[in-house]
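Next, two complexes with chain A in common: one pairs it with chain B, the other with chain C.
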Partner chain A sequence: MAFEQPACRVCEFALVSRLFCFSCNALQPFPLEVDFFEVLGFPISFEIKSAELEERYQQLSLELHPDFYGSAPEAEKRLSETATAVLNTAYNTLREPTSRAGYLLHLLAQKQKLDERSLPDGFLGEMFFLQEALDELLESGNADELSGMRDEMRKRQKDIEADYAPLFKRLKDHPEDSEILQQLQTHLNAERYLRRLLGRIPA
Partner chain B sequence: MAYSEKVIDHYSEPRNVGSFDKSAANVGTGLVGAPECGDVMKLQIQVDPETKEIVDAKFKTFGCGSAIASSSLATEWVKGKSIDEAMSIQNTEIVEELSLPPVKIHCSVLAEDAIKAAIADYKSRNED
Partner chain C sequence: MRRIIGIDLGTTNSLSATVFDEGPEVIGEGENAVTPSVLSLSNSGWLVGQEAQERRISDPENTVFSIKRLMGRNLDELGEIANELPYQIVEGQRKLLKVRIGESEPYKDFTPQELSAEILKKVKQRAEKSLGESVEKAVITVPAYFDDAQRQATRAAAEIAGLEVARIINEPTAAAIAYGLDEKRDLQKDGLVAVYDLGGGTFDISILKLSGKIFKVIATHGNTQLGGDDFDQAVVETLKKRIQHEHPEAEFDDPESKQILKKTAESIKIELSFSPETDYSLEFPKLDLLFTGVFKVEDFESLITPMIEQTLVSCSHVLKEAKLSTAQIDEVVLVGGSTVIPGVRKKIESFFGRSPHVAIDPYKVVAIGAGIQGHLLAGGRRDFLLLDVIPLALGIETLGGTFSKIITGNTTIPIEENETFTTNVDDQTSIDVNIFQGERELIKDCRALGQFKLLGIPPMKAGLPLVEVMFRVDANGILTVSAVEKRSGKKAEIEVIPFHGLTQFEIERIMEDSFEHAIDDFNERQLIEFRQTAERVFRGIEQNWNVAENSLSKLDRDEIRKQMEVVRQSMKEQDSQALKAQLDVLGDLTRPLADTAIGRSILAELQDDA
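This part shows the complex of A and B:
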């Protein structure tokens, strides 16, 4: 990994973010398939401190801001615009644990054939049952039961979320373990059904 | 993104919403889901045991307008078909009929899967 550390095209200083050199303030041309961890300058890992991510994002979005490149050559101007767009996408993907887990799984599972629709046993039937129950609750307008259901579903979401870190940790020791990868996929799938259900419960 | 007129028609007046007793011998139930968006779809067929013709169909879908329209259309299409004919319904036909945009193609896939799952369920419980 250390040998691949990209360097600034101007001052050859080792780059933290693939988009910008904090040493000489030069915008960096970046490859189309740049990964979002590289964009924000974090190692490819699920564990990211949200305060650090936030700070890095603020810093970069200020440095890359197209307003500062208004009188720059056309190519620089365009580079600042595309870099800003990529930065925003990267930040929005990594800041939230579920989408970060989904993105990281996508990066790590590229060579593996995962069952992309996997769910825990009986889960789909349960979701259908809960959706129907929710229909009835919405019709009767029982606020207590609705908030009870919301709390229950949020708790299940949190439980899934809490599993990401230990699963990715195990994956670090066994990078090719398709069982762990598949388990992550199942978690991510289940989370999306819970989210869909929660989306129907008024706040 | 605007829904096509046919999607709006099926969405605002879905055909054949409801359910059959899933334990009845002449009923096949397909329950499928789309992990891309969390949609859940149940499609049921009622089969004439003599002719193997689908005499009635019901569905219930929790999902977007396109998913509801796709399953509503699917129930209309399977009615009157033999289970073998219904098995050959392709999602691309649903896409064409409802003018679904590329981002909604998975809704039509879901409906095709639901038909196939319902038929498979019927067959598994009526093997001679």
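This part shows the complex of A and C:
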């Protein structure tokens, strides 16, 4: 997906991150609804290498953090504080595949109306049994069986996660394909459901 | 560059530190570096530190310690602690705690913020004296597990003390900075570090990831009501039992007996760090009772074991949060006075399976880290960055008393999150929102921080207004809330009523009431001091003028008269350094006078000063 490269407000150098110019070290004012990919300087895509994300996050933190603006004018101080807050949110959102998928879907599907409660065929039935089994186990408190169930649910979660990359790849070739978008939404819903169930199993 | 010092405001002791040319160090030497966090109200005002420490037994009703345990809390939350403390604690408006001083009416009641402010003032003054310059800004440390109310209380205390808080940072993180940036450090440059911080009243465990210039806190856990004070209390209970075994009638509820027991317990605890057993002797003059005995280290260790186990539960919890096992932890760092106890060290060692780092004095390490952070904030260096987290989730009350998290625990700060609210009734112009902090599902298990009212919502049909509320946690870990109605673009006003803290109005009133307020500032204190010196010197000159007439030329005498006039003018101004400079000139002019036998005694002061 092509996007316009914004330029630095001071030196007009092309910005890597929407928040900061690495060329002249100037903090950049940014729109309220800034896109998290632009914040971290990655193209809008599901594929992000976690080492690269980590490095960019550190690099930007070392420039934006309010600790380095202790004696700066008040406006700049405040800008550094909000920029760092946005950086932290962007980083937290893009770091994990699920939240990244959710965010990306939200960006791409903006104009399309998706069914936000859809679940895969047969999923609810499956979950119903899983939930019953979990209730029983929680009551009996069998630690081994509980941890077995946890592993099973995690595996199910991983399977769903593994589908994100190919789905987003297909979406790249067919940008407005509402069927793929809906499929992604369905996957996300299923994973959210699993996550809630997992949360009920005590450590 | 204005210096920003670091202050470790501890339950038992407080210290300050800064970065000198030779490197970071605590301010002051030996005993002078440490201010016991104790204060005592005398006829001439507050005595703070060592002087107050001495009055714990002689004047227990008017002597206050362990105030940190009261910060941002209410009476219910204090529980047993309120009864164990020898001073009186009462409840003021909005359930705010107050310490009551005096044996009878009229009592004087003080908030923990005011009392902490007295300690901060003392630390500030001592730092100023030692550095020879005024101190206006500081980085102040708090336990990582302090919630929003406790942080707000700490910031209010600093404000009352006339200190600008450049940053509030977490104690274990400060310790990690001190270790991580120590030139002689043997700590790995990259790796996972566990900081175990057990102080006088609080416990924290934090896991940090060090990578290059960045110190990132991954997860933190703790207990703000567990520390060395509780070890003392366990010893006190044992002592009471032992005495009552022989003297069943003995009661120890009076402040003096409580203090005697507490002081003895403290010294038993300290002795047992060095020897397998210790003798003690307790004398209660009011009860006409003398009791002696022996305390063995085994007895002590079995008393504190349950409490140490509790800290290890926190350690397991934080590792789980960070998705790590003990084997993955590269280093363990110990902080806080209670970690010098051999029994504590043994347990930590066996839990983590490695010997901990103790290279930097565990009493000083937090202050030193804060001093380094102050240096960074003042612009003195920018070769490292600390990324800290908010310890507990922040959220609001939703239907059915459930806690809806808006910012999750262990999120890197600063952070902002939005939440949209709407109305239930047509033409509703305000919405009440209750803010809570905690990790549990129901608000009854979380801490109520305050309530805010969204005011000035334009009248619309129910459900139509969209009030977007922004929850912002700044780099100090402190929450602020702002709101805007999105349909009209109108800024909704917010009124936050703190449940545990002081309002800005209350802080200001305390500052006005403070009888030392007028001489809060270093410049003003110096002005007063130099003005007094000038007065004494003038008297000295007048008394010895006959000597001057005999020994000095008229020219010299006129010079002195002229300079006295200049000093007099300068005394009316507000610049202490200018006054000092003029006094120095007068000192030079009167030196021949001071050299004469009669002048020496009085004018010598000026020569010393100059």
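Simple rule for what comes next: the second predicted complex is superposed on the first by the 199 of 203 C-alpha atoms of A that agree within 3 Å, B and C clash if a C-alpha of one lies under 4 Å from a C-alpha of the other, contacts with A are read in each partner's own complex, and residues count from 1 in each chain.
Quick note on the criterion: a residue touches a chain if its C-beta (ideal position, glycine included) is under 8 Å from a C-beta of that chain, and two chains touch if they have at least 3 such contacts.
All of these numbers come straight from a predicted model, not from anything done at the bench.
Engineer: With the two complexes superposed on chain A, say which partner A:Lys113 touches: chain B (first), chain C (second), both, or neither.
Structural biologist: It touches nothing on chain B or chain C.
Engineer: Considering only touches as defined above, state whether A:Arg195 meets chain B (first), chain C (second), both or neither.
Structural biologist: After superposition on chain A, A:Arg195 lies in contact with chain B alone.
Engineer: For A:Lys49, using the defined touch cut-off, is the partner it touches chain B, chain C, both, or neither? Pick first, second, both or neither.
Structural biologist: In the superposed model, A:Lys49 contacts neither chain B nor chain C.
Engineer: Check the residue A:Gly125 against both partner chains and state whether it touches chain B (first), chain C (second), both, or neither.
Structural biologist: first
Engineer: Along chain C, where are the residues that touch chain A in the complex?
Structural biologist: Against chain A, the touching part of chain C is residues 1-2, 4, 166-167, 211-214, 320, 373, 376-379, 382, 385-387, 411-417, 472, 474-475.
Engineer: Using the touch definition up top, name the residues of chain B that touch chain A in the complex.
Structural biologist: Touching chain A from chain B are residues 31-33, 35-40, 42, 60, 62-63.
Engineer: Going by the contact rule set out above, which residues of chain A touch chain B in the complex?
Structural biologist: Checking each residue of chain A against chain B gives 116-117, 119, 124-125, 127-128, 131-132, 188-189, 192-197, 200.
Engineer: If we count contacts the way the header does, which residues on chain A are in touch with chain C in the complex?
Structural biologist: 58, 61-62, 65-68, 70-71, 81-82, 84-86, 88-89, 91-92, 203
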